[in-house]
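A quick write-up on the structure given underneath.
Naming follows writing order (A, B, C and D), and every chain is counted from residue 1.
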Amino acid sequence: MPERILEVASLTKHFGGLRAVHLDLTVDAGELRCLIGPNGAGKSTFFRMLSGAMRPGSGTVRFRGRDITGWDAFRVARLGMSIKFQVASVLEELSVRDNLHLAAEFRFGNRAGQRRAAAMLEVIGLTERADHPATWLSHGEKQWLEIGMASVGEPALILLDEPTAGMTAEEMKKTVRLLKRLNEAATVIVVEHDMNFIRMIAGRVTVMHQGEVFAEGSMEEIERNDGVRDIYLGKGSHYVVRR
Amino acid sequence: MRRPLNRREFLRTAAAVGGAAAAPALLKLRPAWAQGKKVPVGSLLDKTGGINIYGLPAIAGTEFAVAEINAKGGLLGKQLELIQYDTQSDIANFPKFAKKLILEDQVAVIHGGITSASRESFRPVIDEYKQLYFYNIIYEGGVCDKYVFVTGETPTQQMGPIAKYALKKYGTKAYTVAADYNFGHISWKWWDIFWRNGGGLEPVAGKKGQHVGKVEFIPLDVTDFNATINRIQEAKPDVLMSFLVGGAHINFYRQFAAAGLKNKIPIVSTTFGFGNEHIVLDAKEVEGLVACYPYFDELDNAQNRTFKAGMKKKMGDPNYYIGDAGAESYNGWHFWAKGVQKAGSFEREAVTKALESGIEWDSPMGRVKMDPASHHTVFTMHLAAVNNKRGWNVIESFPNIPPTETMQLCDLIKNPNQHTQFQPK
Amino acid sequence: MRRVWSSTETLAALLLLLPLLAVPWAFKPYAANVLAVYMIYGILALSLTLIWGYAGIMSFGQTAFFGIGAYAYGAIGLNWINRTQQTHAALVGGLVAAALLAAVVGYFMFYGRISDVYASIITLALTLVLFAFAVSTGGDEWVIGVARFGGFNGMFGQGESSQNIANFQIPPVTVWLPGMAEPFQFKINRESAAGYFLVLGASVLVYVVVRWLLRVRLGRVAIGIRENEARVASLGYDTRFYKFALFTIAGAIAGLAGILFAAWGRFVNPDRFGLGFASSTVVYVLLGGRTSLLGGFVGAAIIGYLTSYLAEIVPFATIPGDATPWMRFLMEAGRRIVREAPLLVQGAVLVGIVLALEDGVTPPLSRLLTRYRRWAWWVLLPVVVLYFAHRVACLQADWCLF
Amino acid sequence: MSVDTAAIVVLEIVNSITILVLLALGLALIFGMMRIVNLAQGEFFTAGAFTVLSAVRFGHLPLWAGMLLAPVVVAGIGIVIERLIIRRLYGRPLDVMLATWGVSILLIGLITVIFGAVTQGIPFALGNFQVGRYSYPEYRIVMTTVAAGLMLGVSLLFRYTAFGRRARATIANPEMASAAGINTPRMFMLTFGLGAGLAGAAGAIMAPIVGVVPTMGALYIARAFITVVVGGPVVLVGTLSSASALGFIEALISRFSLFQIETAGHCAPPPCAINIGGSAFFGQIALLIFAILLLRLLPQGISGFWRQRR
């Protein structure tokens, strides 16, 4: 039986009177899990609570066997969880290389961090732009850079919030390859809207709705689930071919 | 490979670098007044900011005095070139502009400084460059400095007459409000001595005051005196002594009157009036307040009539009130001019020697005399009360009052290398 | 390898340093005095640039650490100078005091999770509290050893002899190491420019150290925090610690500026904690450019020069007696406007730069220098060198061409 | 303590609270509703005082007329500044602070150009009344009444007028309010004007008892900010509760000496001791320390704390 890397029990968050998240979820080590759901389902809020960017209302999060509920972001990261935020948040004024170096440095130190950053530049295909400020990058390149930053520190669990938003079909394929490569070393949870992408990465899928887990299974199972169709505003095929 | 520097070598190198930077005489400049037709002279006064209530009259007196000297043909055949910097009521400006006057403009003399804090801030500069300096305003006494001459009045000259008058007229219990800086603190120490001793430095027989136990020091920017006024009422003094200073403190008198205390507790002061507070405030707020200065516009003598007419013409205002600050600046410049004329030179040593020979002259405030040993001035003092016509009524005059407290401590003829300020122990 | 030092920077360093090194021989001593103050304010501004421009922490009250450094130097120096003839302990003490205050405030702000805007208000409140404290210490009871706080007067020493009490001033920086025949003393006058070179050396040192700091992890993380704090935290960096550390270092640098200021005038008073000085510091940085380490120096020099120039010239310009009332009114209005110009300029710089999102003056200047690099090497640099050589020759040996 | 001393202490506390309310009300309104820190508020206060001064001295109006005029004039100045500067900076809190600081410095400069840097006074003719041994100026009671009136007026304005409803909607959710047809830029402009006007009124009322000088705003701005920050997000309740708490502490410590610390200075008469308490300075220090403690315990301010509890 594989190790359970993440166990989330009755994790809740209220905004005003509104319950944004109420969630139980477990993820095994080595999984590539997809998290889908309509806008406002609480996916990003959930990620933010996992990574320590937001303090949960109640419930517990166990990561690699330790209770990390309410920890600060940097401690969670040091335990081996990294995140790519929904809005690409690379460090705009720093060079691409410095972005990656900074992400690698705190685990491997200065010298080794520089080598790892160079290696990661190859992986995400940005070697030629290494010394440009990150702000010059295209939208897709920023996404890759951020994926690179999330994975260069060799975390055990990588959270990716909409890694393909705004990408062309070609870029998306490249991203899929990248993701699969990352998954060889780490557990990955991806939040996505694009069903083509979800199909391509072919992992286990969890559907969130109104802050709760609505369904869970393989992509085929989920696509057959009528309830899931209904929560996407009842438009049967809307989510299958987006855009 | 280069051999690393060991500790001793490092220290020696450091010493050499330090020495190199310190050693060479950078410039050999001849004083400007020895070269040109004009003699630069400097003045540092607050034309703007909270202290300018004293700065503006002092500037008027300065400009008038220099213009008068120049109109009479200047000094030793040379015209004076007055260089003034506005110190903006910011103390940091005094050392800065003092350095500028000395190092850049190379003036023959510096006059100015208003608050004791500003004077003490640049007196080190004066001493470092051995610059002749005149301080022309009432202060707390005790400056004993070979390079400094004082033409303002000191505690004995003001507090002696005030204490005698107040003890006789009002009673023995005093309360003091003072500006919270060296002027206020040292003034209060002297006042305590004068009050206990019945108006003198040493105990005298007759009516004496109680120990001036109650004093309140008020920072210069305080404008709300509600709590202070209530504490004064609690203490029920026979008389209130004010060492308040500057624009913000003027409000004290107004609030004191508003609390209905003006006719209950009489006020005496060594500072009220020389910034022309009696013009700013309403007569009904301060009428009857007693102060003691060597100069009031109301003094009647020939020099003062000429002086007043000239100042009113210069200011373009027939109702211009000169006040003590203006007259003392005027006096300071004339003292210096008399020193220069007697010495026949602008050099500091020569002028100092001339002034130490005991110069006296008939100024608008009457006969004034420079005390050689202490570099302070002997005045005829006038005790006066504010009247209801924005002016003063002289109550009593005290001729030839010396600055005894400073004279007792300071002898610059015997100990010429003194550059300090004494205060009562 | 990344290029650490470009030829433009060498050029800029030469263009700045050569004249600065020549100043004590090329001008009357007042110029060295004034430049020393500008450099001292520049060091203070540099400390603000470090935390504001590079870490995004706005400190309205950086002057608090400047003032504390100056007061601590004064208090320790006054007590030690007569015993040991040097001020080593005062130098260290001033730095430690400033760093300690910054550490305490930084700990409270960053570990107390106080938001950025509140943090700015807290630093402002800090400097105003210290102002209120410093002006209220005029009484005899406020002493440390022989050092009187002096309230509004500023700090001075007080000694007692058999008959009376006498005052003395804060000592200049005095370094007396074993092996030195006489002590090194901070002085800027006709005989010596030691103080000027000390300030110049300190400026260069601080500049180099800060440049280095920004290259190592601390600096890169700081820039990351400015760009996106949450992102940096999610990479595993305890951003609170980095902000705290940087704030402390900046406090120490401001403290160093304060020490030099106290040594320069042998004087420190509560105005160093005041609102006016606090706002000037922000204006130096904004005008010079908040992302340029030289910006603070440039801003301080521009504002400083403007302020003294206006204070010297204008308030005493006389209005001719035969002017018509209208002319009189206009001249008086002009005079008053120019008299208040330091304030008006400061306000306008703040509003204008914030509204127009400008970088300040230093970055455009450095872009110009980069573009016309060749021209600057062959024309500008020789002109500057020749000008200063002529000034030195003229002043020292009367070889004046014009 | 005798009865009349107790009464005068109570009056001092009320006076202290009054001044804090007057200083903080407009600032709290702007901060609470627009989430911007207006560092020029102190100069709005100054502008109010100078309006009264000009009205009395140059316009030869009676004092009360000048005082009615001041908030109107200052609100106008506030609206102009909002339109010219602040409007461009919404959503950039730090830049708003910098820009308003610039405005504050500019206003000090402009007022000095026009009126000069001299402290000027406005004489007034109210008398005083007797509390046992003490006489106390009636004007301070008038000030308290006016402060209470301003609080009440603002409260009524927000509760019962269309402007108030729109303003409250705008604070709660600007986007929603905008979607519901409320002209939110105009609401922000009016709110800023109102906040400025309140500062002008405060300056006008306090002008007769304090000196009128261009830099007078700076003396008060720190205390006003502390009151607002301690008060928290609910404008009226926050201002009143924090002004009461802070004013109480300030007045009490200003009056009573707590203890002494002996030092080694040259005091006459000896011994040297620092009196902790019993002066305006320690009143202000106590106010600050108390404010910091409160903030450490209630990071959202007093009113934020109560709102959370609800």
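Keep in mind that, in the parts below, contacts are C-beta pairs under 8 Å (C-beta built on N, C-alpha and C of every residue); 3 or more make two chains touch, one makes a residue touch a chain.
For clarity, every value in this text was computed on a predicted model and none was experimentally measured.
> When you take the mean of every protein CA atom shown, which chain's own CA mean is nearest to it?
C
> Taking each chain's centre as the mean of its CA atoms, how far is chain A from chain D in angstrom?
Chain centroid spacing, chain A to chain D, equals 49 Å.
> What is the distance in Å between the mean C-alpha positions of chain A and chain B?
75
> Based only on mean CA positions, could you tell me how far chain B sits from chain C in angstrom?
Chain centres of chain B and chain C, defined by C-alpha means, are spaced 32 Å apart.
> Distance-wise, how many Å sit between the C-alpha centres of chain B and chain D, to the nearest whole number?
So the centroids are 38 Å from each other.
> So which stretches of chain A touch two or more other chains?
none
> Name the residues of chain D that each touch 2 or more other chains.
Only 112, 266, 268, 279, 281 qualify.
> For chain B, write out the residues touching at least two other chains, lowest number first.
Answer for chain B, listing residues that touch two or more other chains: 48, 217, 219, 221, 424-425.
> Could you run through all the chain pairs that touch each other?
Every pair of chains meeting the touch criterion: A-C, B-C, B-D, C-D.
> In the complex of these two chains, what residues of chain D are touching chain B?
Touch list, chain D to chain B: 5, 8, 12, 15, 19, 112, 117-121, 123-124, 126-128, 133-137, 139-140, 209-211, 213, 215-216, 219, 251, 254-255, 266, 268-269, 279-281, 283.
> Flag every residue of chain C that touches chain B in the complex, lowest number first.
These residues of chain C touch chain B: 24-25, 28-31, 33-34, 37, 132, 135-136, 138-140, 150-154, 156, 160, 163-169, 175, 177-182, 184-185, 187, 189-194, 197-198, 265-267, 269, 271-272, 276, 308, 311-312, 315-316, 339-340, 395-396.
> Would you tell me which residues of chain C are touching chain D in their complex?
Of all residues in chain C, those touching chain D are 58, 60, 112-114, 116-118, 120-121, 124-125, 128-129, 132-133, 136, 139-143, 145, 148, 158, 160, 165, 275, 279, 282, 286, 333, 336-337, 339-341, 343-344, 346-352, 354-355.
> Tell me, which parts of chain B touch chain C in their complex?
Against chain C, chain B makes touches at 8, 11-12, 14-15, 18-19, 21-23, 25-29, 47-48, 84-86, 88, 90-93, 95-97, 99-100, 103-104, 115-117, 120-121, 124, 128-129, 179-182, 184-185, 217, 219-221, 409, 420-425.
> Touching chain C in the complex: which residues of chain A?
51-53, 72-78, 82-83, 85, 89-94, 98, 101-103, 105-107, 110, 131, 149, 153
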